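Chain naming follows the written order as A, B, C and D, and within any one chain the residues start at number 1.
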Amino acid sequence: MLKFQAQDPNFESRVRESFARQQLMQTLGAALTLVAPGVVEIELPYQAGLTQQHGFLHAGVIASVLDSACGYAAFSLMPADAAVLSVEFKVNLLAPARGERLLARAEVKRAGRTVTVCTADAFAVEGGQSKVVATMLGTMMCVRGRDDLVG
Amino acid sequence: MLKFQAQDPNFESRVRESFARQQLMQTLGAALTLVAPGVVEIELPYQAGLTQQHGFLHAGVIASVLDSACGYAAFSLMPADAAVLSVEFKVNLLAPARGERLLARAEVKRAGRTVTVCTADAFAVEGGQSKVVATMLGTMMCVRGRDDLVG
Amino acid sequence: MLKFQAQDPNFESRVRESFARQQLMQTLGAALTLVAPGVVEIELPYQAGLTQQHGFLHAGVIASVLDSACGYAAFSLMPADAAVLSVEFKVNLLAPARGERLLARAEVKRAGRTVTVCTADAFAVEGGQSKVVATMLGTMMCVRGRDDLVG
Amino acid sequence: MLKFQAQDPNFESRVRESFARQQLMQTLGAALTLVAPGVVEIELPYQAGLTQQHGFLHAGVIASVLDSACGYAAFSLMPADAAVLSVEFKVNLLAPARGERLLARAEVKRAGRTVTVCTADAFAVEGGQSKVVATMLGTMMCVRGRDDLVG
């Protein structure tokens, strides 16, 4: 059922370990809730401290979790000694992000040796209902052999 | 020398008041350092709590300040009763964002009645030197007549 | 099974009539092969005259058919008196576009009163096999009441 | 005055030779009018055969010349044995593209070993006046050591 196979059998621990070093995710209160080959989900409870002027989650917060989800979806398919960097991403905001929490789900669209392209959706979840509020199309890069970039 | 004229003479206080309601900007420690017609600058001191896995500022943090800068550059040219929403944005990460602080500078590229397009650069500033680390191209929307969206 | 309902029962003839006025589509040899509410497909036979320097279809040709497909997917859901304009789009090129023909399939992701967001994939088709070669995320706009913009 | 220096002294002939192989540029009637290190201009006379449904130049035509301009701006800075590929680009359409001709001007924003980021503007020129009608932010890639990709 999975579209991709991880080349590193330890992909999940590698993703979780790297995510744990993203201090922004802790500052935002985000948690990694799913790691599969080429697929990653991150969840973020709503907090007033993360809002824009109308009380919705700020587009930058949504972009933050979508970007981390894309980066780790790409990273899950990379070799064990690789680091992942975001080259670029584009986000469309589809609806105001309200609700109890935000769920970001990223999937690899195409995995290349250097460049991996991911798509991701962000959903506002409230009372068991979820509604798509943003979508990302982004480009991630596999970097190897640089001591300053690990994981 | 300015490319644009504000239609609302109180544009600056309107921008500052709306920015002050963006709780994310306070959470990130960002400050509005320039407001001119069609141009806005935001600065953010480096903090470890805002980093990704290699210790650089997370792309989502950079996107957050670039998006707010674009939104308020667009908002500065809108009528007094308008609200601004981000339709979409694209960010290219050009270099690792290190340094003492991040400076985001947004300019309106084209102001329309409904849609305003902005470009913005983010610079890492250290020891009096600045280096561009990211660039944004984004689309902002003018919304009027909705009581739930003010400013 | 369809995600969307057209508000104009004549949506298909409206889309086909507008497409027929896109002279570029004739110049490129592109044909409209599917029109459904919120979904449009366009096909383009490979021609040497449409290539880039390595003999693949030029990214701009791929963007052209993806953009038209997105525009008409959005247009299919708009009221009878509306015109559609592209606000912006982003394309990722995933693989070289070779083969007998290109198939572009666009779907509306979110239809709003003013702004509609679409996603689209382009497939290279050869010998009954198809392979995704590009993907678009774009923003389309509904324009009404302008005599210079019809359809 | 130039921001960049070409590492290959023959960059201009390399760019011109590759452009001449882009058959789409001939099909569209586009000409390379400026080649400098990190900067390329392409011009395209208006033709009815390149229009969308309202008689303006189709967004895909504009994207085609902007993409070629970005690609060759990036290519001008690459080593002599490199090929250039478009990874992705985003275009904002700012105004209807009418007039006698379209002028696309691309500049390298940041040149890296593998990835080069470019910005480009498209201007509609008429009666000696020019007006910006579109802007691109794109990512180009340097490819080496592949026999199937030359120039």
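Rule of thumb we're sticking to: contacts are C-beta pairs under 8 Å (C-beta built on N, C-alpha and C of every residue); 3 or more make two chains touch, one makes a residue touch a chain.
Remember, predicted model here, so these are calculated numbers, not experimental data.
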Chain labels contacting chain A and also chain D: B, C
Intersection of contact partners for chain B and chain D: A, C
Recurring contact interface, reference A-D, options B-C, A-C or B-D [over half identical by residue number]: B-C
Chain of greatest Cα-centre distance to chain D: A
Inter-centroid spacing, chain C versus chain A (mean Cα positions, whole Å): 28
Cα-centroid distance, chain B relative to chain C, in whole angstrom: 32
Distance between chain centroids, defined by C-alpha means - chain A, chain B (Å): 23
Multi-chain contact sites of chain C, meaning residues that touch two or more partners: 87-88, 90, 92, 117, 139
Residues of chain D defined as touching chain A within the complex: 87-88, 90, 114-115, 117, 139, 141
Contact footprint of chain D on chain C as seen in their complex: 18-19, 21-24, 26-27, 48-54, 58-61, 63-65, 67-68, 83, 85-93, 148-151
Chain D to chain B touching residues, read off their complex: 90, 92, 94-95, 109-110, 117, 119, 132, 135, 137, 139
